[in-house]
Every structure is written in structure tokens, then in C-alpha cells.
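Working notes, structure below.
Chain IDs A, B, C and D follow the sequence of writing; residue 1 opens each chain.
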């Protein structure tokens, strides 16, 4: 039922971009562009995807994963007997367009829910709009805004743990195994600030300290100039970077540090979608990465992971089965898959049939608590907090060995739980 | 890090930036000098150069240096040809009217950038440097390829100087720059010179793109920064003055390198852009340009 | 004919472009009501001189006094408001506006100067057009007029400003003999209300119109006098014939 | 302007406004939203056109005034909790003031220099938004709080989350700006502006202060762009640095050139066509900005007068 975006795109490019006349003809015929207009009796889900802009490498894989998940759902008979239709819009990883896309989903396509928003700067702008439009809005972004009570009753994060929980659960291991004096390098927007604030607090609780904080604008293309700010007393470099230039960042870090490097603990974000078998990344051997979901199939791989890889089209090295050089954003993209299945669960709980039941969908979501490891949740078991709308799962710490990532530590769900006053159930529906 | 090595690193970074900037801005300056056209699409030519280098590197097997060498040759040629065609099809028809050409080159900017998005995709893709060796200083390591970029820029600028000063083509360009009408009267085909100059300017931008791509990765949005910086350089150096351009590129590259190590890069960009705007208002011939005629 | 009050006085007026001294220390006096012609060989600095008077070019040195006031540093539009009107050597009109609209702009300019009294816009416009004989072409687009008529429109705009001093820069250039005849009587009419300063190459026109003539060479005032005095002046003859 | 031309223009503008007003009753939800956005952007384009179309100054930095209005309104609401009308008024004043200061500097330059200098000032403004992230929250931007989504005025409450309310507010602003510009252009001051555009030297030699005339229009233009930005912030409840970017300056230029620079209704027409085209194309390809490039080049090569400008030239010379 869903539209195969890839061929559709290829086709449309050929069609429209050649002649202005073609574009004019298309303008005059809005109804044929979207299957969404013609169909009723389906559940329509809007997916705002970062097809372009700084989140593009994530966006491509989020789209593939969402498409695969919708296909699986439809093969299972859909939701409440209705087929699921996926409508994708590009938001350019731009907060402004993020808000406009939400409006478009609500007023033009009249979707039942929106899911899959990733970059937290876009989420921060789009969530209030979704709340105002009373549109159930499921994010896959790790944004800690939600757990802090800063968003609204219609926003949920049921597929991935937020940054606060991630760093809280890993700080003890970092402090004990790698060192207590940490220098942080992070992107200068709220995602990075979450890392800065929550990790600083978490490592302090372990008796450690953050000795250097280096904020880098997410659109930066050259990084060497930032590195002299790394204090000599640093025992651990903690890096997390996003955007199109992540590989440059890591390479320049390698050039700068050379062989006598301190311990390095990175968030896989810094190399998400990047091949480890790049010659200049040799210096990472023996360093550590956070992974929400191990990119390289581990020795104890679960059957659920096998199923997930097969359906999305990813091999044991985390690359596309069609192109071994096309590396997935494995540690994040599972979240859009899991999110869809949580939505399915909530829709089934509330016997959701259409738009009028959006409020029931919200309350059904709030009643969910445990999620077992399964094909629907291949990353592992999770706890969902109905009050804060946030899910909690286990984190992995992997070591680079022979150019691959091997999990050396897995946190428990409890390690990442934190106290908060947020309670969205008290907000008006 | 102590202040000395800190400054040393900043200087190295500044020189690399100055080197790339020199070549890019030289192209922009040449086009403005001879044609009086402000080419807003200049940054996209840099981007195209880098993207073509990626294609070259992925098509040519074997040592990365081979792909790089191929890119050094074909990138400027292909980009030059694209520029040549746009000059014939668009700029010439506008009779080089200054305002109209700015609007047209803005259009060109979007067309090039978005076409690359369609053909090449939204990802940043790496290109291996022709050689990979890290020079170890006592305080930090530094990529030898970056030093190569500085050397390459010196060679290229030398070649530009040679062409402009010592060859007939250079003489023709200088004549056209000095006075279009008179040059025309002396039988110089100013019209055809324009097309070649536009192509040459774009080719230089592409060359800068090839040089920078092993450091930066090829990405469809990478044209914005080089455009703004070369604008700044060309304005400070005096519009159309080649030697002014070189001096300004070194000045801007170094100061930007040093300022961004010391302060926020955003602040550095903000202040330099503001200063340059004021230079253009109050000293329209640039800081190093000749006094008002 | 000429009254004794000087309308315009320049002293030591200079304009240098780089090393070129286009106007180099001119002391010049113009009396109210006269018709003065400025002549001189090409490149003598005539146009630069009147540009300095009208404010289109800034003086490098010296002073300009108009109606007793120092106007040396005033911008051009303020001098126009004080009563100095300038008609361009190369016709400079609103090509896309109608003839009447061209003149209306001038009337509006004057209205602004005298400060918004009840003002009959259309009557003023019509009067200026009638004075130059363009009444029947009022609605023609100015750019479509014949060259001679464009020159007349230029003068009509000058007239509509009702200036104290009207500067005409080569007004007869490109006109036919018949048009020149017409022009001569027009200037004589204008001179009844305003002082006229004209740059002119056509010596017949100069001799027929001017009360007095000033001769410029190489940016300096060479001679001044009545038409017959100038005609007999040896220095002037030398300058013109290049002896 | 002759009396009949005045009547024709008044009539045409009236018809267009009546049409726009009644559209809200027939359009589907999404198009009401699009219509609202288009009308606000049309105010922006109107402001841009005031400068390009009527005094002949091509600015490449008008996003700076749009952003001044956007942030002037958004930040006072967000940080100081100002009432929406106060924030709107402040934003318009602030952008007018900014235009006065910037105008006094940039109007010393002409033609190409003017374009580049306005571009650079706008770039500085954009970088400032990023740099003062503590206040503006940089690229991520700020969403206005729920309390700022309603206006309490004379005992009545306007709910800004209602699509129809927003439509009518945007309509009111557009109507006001159109009428304002119409009145201005039909006045003596408007004549001076077009005289400057047609022949600057001549106008100065008729005793008009050309610099002041340009500055006046620059301020009017900046204030109108700022009003559009302020309306955008308050109606849609989100402010972010994207609105200050180069692309926004270009869009104003694009709308105006397409519709016809120097025509009263051209910018509105340009906005309608362009925004609809961009919206449709974005469903088909991520590279939808290609259309900006293509339209710019097609217009500049073959229709430099734009749609209404061409119509005026061929069929309706009275068009303002």
C-alpha cells in the first residue's frame, strides 16, 4: 500500500525536471500525485524524513527502515484490519520546514499520526506545532526535552532512550574503566548540550570531572582549530558529532592526536553511516563507542536481530546488502521500526479506526509499560514511562577490534532510569 | 597547549585556508575584472570540482593518487565547459548587464546545487588524499597533505601570474580588463574572451575544489562558505586586482585561522563580513586598490 | 539692462581631477537679469564650471555665492530649491513618462521650494508647455519625441521650476536652423523673468543672444566683455585659432 | 496618474481583495493554511517591491528586515511576555529603525555594490542570530508559548491556533499594506519615488532630495518586510534562523521578479505561483529548489518585466 519512494522519486525526477511544462501540468493535477487522496479505510502515517540537509545520511536509512516496518505490519494484516499507508515528506533537517511539514500532514493528508522525526532541533520546533494541532507525534530523536517535561501530551518517544538516560547509565563504566578526567567535544545545539549537561552531572557523581568542553557548530567543516582546546590533563576524550562532516572530524582528531592518545570514548553518531575500514581511522583501534544497537552482528546475535537485518536489507557488517559501501545508521534507525510497532500496539489497545480517536490513542500510549525483546523490539526489552512519554532500554559499549565494533559492556535498563517531575498525563487532551 | 604551538597550529590552518582561498578568489577576481560580472555561482563551481573529484576517485581503481591526478585534470575541464556553456546561453544574452547577471548567477547557483543533489545525493562523501602521512610535531600531528595544498597553491598562483603577464592570452585579458571598448577597437574579440575567462574562472574554482576535497569531503552544500570568503577577499583586495587578491587571501585566511582558534568562528565570520561591507561602502576600491579615479 | 546686484559670484573656484585642473581659480560675477554666454575651446572646462555652479560636481577650492548666500557646500537639490536650474547638455528627461508628466515633476519640484501653497498644478504645467510650444504633444511619451522637441521639453522643465538663474548647457546642439530661430525668441522671453547663463558653441547664437560673454581656456577665465569686445579681443582669437 | 487609471487600479485591487476574502469559505483546510502563509509572504514581497519596483534598488538582503520583525515580535513575546499587539508594533518599529540605520549606510552605494553590501549586511544579521543563541536559540529557534497563541483585545479573544482567525489576520495585514502602498504611490511622494527610479540625476536637478527619497522608501520597505516577519512569528508561533538566511532574501526577489517588479499586485501573484509550485514540487523531489533557479533564469532572460509587467506593457498601460 505504501508508496515505494525510491522508484517513485526516480520516476518523478525524470518526468518533471526536464521541462517546465511538465511541472505546470503536475501543478494542475494535485490528486494524482498522492495515493493518499484516493483511499479511505487505511491508517495514514506521516513520516517527516531528513532526506536533505545535515541529517540526510540518517534520513535515507530511517526511510528504508520505516518502509520495511510498514511492509511487515501490512503483511501481518495491518492495524485493526486496516492497511497502513506511509506518507513521506522531506523536511531538509530544517526546524522551520519541520513545523510546516507537520501542518501539511495534519491539514492536507489528514494523517492519523506522525512518526520518525530525528534531529532534536527539528523536534524542538515541530513538537509544539503537533501539540497545537492535536496530532499524535512520535519522535525517534533521543531528545531529552521530552523527559524534562518541556514538550506536550501528544509527543512520545517510545523507540529510543534519551540522551540523559544513555549517559547516566554509561558514566560509571567510563569513570571506572577509562578515566575520571574527561574532555567533551559535542555539537553546539540542544542535542550536544544534553550530552554536556547530563554527562557532566553523571561523571561528577562518579567522582570524575569534565576538564574541557568543546562545542562545535553542527555545520562546521574543519575541526583541527578546535583541538588545541583539549587540556593536557585529559584522560578520556568523549566525542559526539553529527552532520555531513563527521568523518572529517574523526580523521582530523586522529591526525592531531597521533599514537600517544588518551582514551577515546565516542558516541557512534560521530561515525554513523561511515565505514570503519577507512585507512585513516586506524587510530581508533582499541577505542570505545556507545552503540544503542550493535552495528556488527555479535557472536550472540538474536533471531530478532537477524529478522530485522533481513527485512531492512542490512548485512552482518551493518551495510546495505545491495552495496557494501552504503553503511547504515544502525544504532539509531531501529527506533523508527520499534516506534511503529508501539504505535500499532496502542492503536490495537484503543481499537483505533480513524481520526476521531486520536485522544484514545494518546491515552492508550500512556497505559503501555513493558516492551519485551521480540521481532517488534529487536534492540532489546524496554520500559515505557506513560507519564513522561519516554522509553528506557539498555545501552552497549563497544570496543574497536580489528576494524569492527565488539560489545564489551551492556547496561541494564535500571542503570538509565532517572527521576523527573514531568507528567504529561496531567495536561489537557 | 602553550601559546607558541597554539599559534603555530593556527598559522598552519590559516595558511591552508589562505591557499585554497587564493585560488578560488583568483577565479572570481578574474571574472569580475575582465567581464564586470559578479558571479554568485562561483562557490558552486568549487563544489562541482569536489564532486567530480569524488566521481573520478570512485571510477579509477588503484592508488588514490591516480584518481586524484585524473581529477586534477578533468574537474577544471568539465566545470570550465559547464561555465562556458552557461556564459554563452545566459550571460551573453543579458549583455553582461551587472544587475541582471547577478540575478542570473543566483539562478545558476540553485540549478547547479540542486542538480548535484539529484545526481549525487545529499551525503558528504570522502575522497582519499593522494598520499597519507602525518607529520609529528612535538605538540600535535599534522596532515602532510595539507602542506601539499599550500605548495600546490603557490605553484598555481605562479602559473596564473605567468599566464597573465607573459603570454598573449594574458595580454588580451589584461587589455579587455583595462578597457573593453578600446580592446574591441584594437581587434580583440572581447566577446569570445569573456566566455573563456568565465570558463577559466570556474576552472580555478574547480581546481580549488579538487584540492580541498581530501580535507573536507564532497557535499552539495559546500559552496556557500568559499563564495562568501572569496567575496570578502576580492572586495578587500580591490575588485579585479589580482595582486590585491593574493594579499587579501593570505590576510583573511591567516586572520580567520587565528581568530577562529582564539574566538568563536561565528564571531570571526560576523565581524569580518561587517568590516568588509563597510569597506565596500566607504572604500569602494578596496583596502589595497588604487585611490578613487 | 543689467542691474548692479550680483546674482552669482565665484571666487578662486577650482576643480581638480587627479592631476587635471579642469577649473583652476575662476573669479566670475553674474548680474541679475543678464544673458551671459560662456565660450571656449573643447576641454576648456565650461561644463565642469557650470556643474560646479549647479552642484553636480563638488568644488576642490574657492567659493560660490548665490543671491548673497554661500552655496559652495550645498548639495545640488538645495541649490535648485534656491533657484538655480540646470538643463543638461545631453537631453536628460524621463523617457517613459508623458511630456506633461515630465513637466509636472518640475512643477512639483517648484511647489516643494515655495512650500505648498494652493497651487494650480495643471495650469502651471500647461503654461510651461505652451511657452515652448509643446502643448499639442502633452500626452506623448517623452522618449518618442523628436530630438529637437526633447530639447524643448528639457527647457520647459527648466521654466516650470521658475528659477532665478537658468543654466543652459549647449541648448542648440543638434537643432535645425528653424528650431534655432524659435529657440532664440524663447530665451529672450525667459530672460525677462530669469537670469540666463548658457554654454554655446554656435557663435551666431551667442552673438545674437548674449549681453556679455565670458571666455574660458584651460580652466581659467581668459576674457570677459560685450559680444563686440570679445570679437575684437586678440587673446581670444589666439586661443580659438590656436595661433 | 490619470483619474481613470486611478479608478481602474483601485477597482482591480478591490476585486482581488474581495476574492481573497471569500476564498476562505471555499478552500479546503490545507489551502487555507497555504493561503495564510502566502498572504504574509506577499506582504514581505510587497515591501521588497516597494524598493525594487518603485525606486529601482535591488536589495539582496531583505531577509534581514523580515527577520528583524520576526525576532522583534517573537523575542519580546518569548522572553518578556509582551502582549501580541505590543510585540507586533514594536517589531514594525524596530525593523523600520533598522532600515533607517542600514539604509543610511548602504544608500551611499549604487547598483552592484548596493546588491553586495545589502547581501553582506544580511549575512551579518544571520550570523548574529546564530551567535546570540542564548536569546534566539540559533538555528533550532524558539516556539512561542501557549499563552502567546491568543490575543486579548477589548474584551474579545482571538485564538491564533484557529486557521480561519489566522487567515483573516493575514488578509487584514495584506489589505492594509496594499492600500498603504497604493495611497503612497498615488501621492506626490510616490511620484518622486518613481522619478528617482526613472532618472536619478534629473530628479535631483529638479530640486528633490534623492537620498532622502530613497531612504524614505527603504524605511517603508523595511517596515513592511518587518511587519510580514512579525506576523509570521505570531501567527505560526515559531521563530528560527532559517528566516534570516540568504534564501529568504532571494525568495522575495523571486516573487517580485516573477509577478512583475513595479506592479502593485505583481508580488502577490508571484508569491501565489511560486509558493504553490514549491509546495507541489517538494512532494516530488527533494531538489525542489531547482525551480527557484530555473524561474530566476527564465524570467531574467525572457520576461524581465515579470507577468504583470508584461501585461502592462502589452495591454494595460494604466496598471500601477
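As a working rule, a contact is a pair of C-beta atoms (placed from the backbone, for glycine too) under 8 Å apart; a residue touches a chain by one contact, two chains touch by 3 or more.
Not measured: the values here are computed from a predicted model.
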Please flag the chain sitting at the greatest distance from subunit D, going by CA centroids.
C
Looking at mean CA positions, which chain is nearest the middle of everything shown?
D
Just how far, in Å, is the C-alpha centre of subunit B from the one of subunit A?
37
Where the centres are mean C-alpha positions, what is the separation of subunit B from subunit C, in Å?
51
With centres defined as the mean C-alpha position, give me the subunit C-subunit D separation in Å.
43
Expected list for subunit D, residues touching two or more other chains, is 130, 285-287, 290, 294
Can you pull out the residues of subunit B that are in contact with at least two other chains?
117-118, 122, 266
Two or more other chains are touched by the subunit C residues none
Pick one for the touching-chains graph, please: line, ring, star, complete, other.
other
Touching pairs of chains, which are they?
A-B, A-D, B-D, C-D
Name, in rising order, each residue of subunit B that touches subunit A in their complex.
1, 5-6, 9-10, 13, 17, 117-118, 121-124, 126, 128, 132, 134, 136, 140-143, 215-217, 219, 221-222, 225, 257, 260-261, 265-266
Residue ranges of subunit A in contact with subunit B within the complex
13, 17, 51-53, 56-57, 59-60, 217, 220-222, 224-225, 227-228, 232, 244-245, 247-248, 252, 254-258, 273, 278-280
Subunit B - residues contacting subunit D, complex
38, 90, 93-94, 98-100, 102-104, 106-115, 117-118, 122, 224, 228, 231, 235, 264, 266-267, 269-270, 273-274, 276-278, 280-282, 284
Subunit C-touching residues of subunit D, taken from the complex the two chains share:
188, 191-192, 195, 198-199, 201-210
Which residues of subunit A touch subunit D in the complex?
9, 12-13, 16-17, 20, 23, 26-27, 30, 33-34, 51-52, 89-90, 92, 94-97, 99, 103-104, 107-108, 110, 120-121, 124-125, 127-129, 132-133, 188-190, 217-218
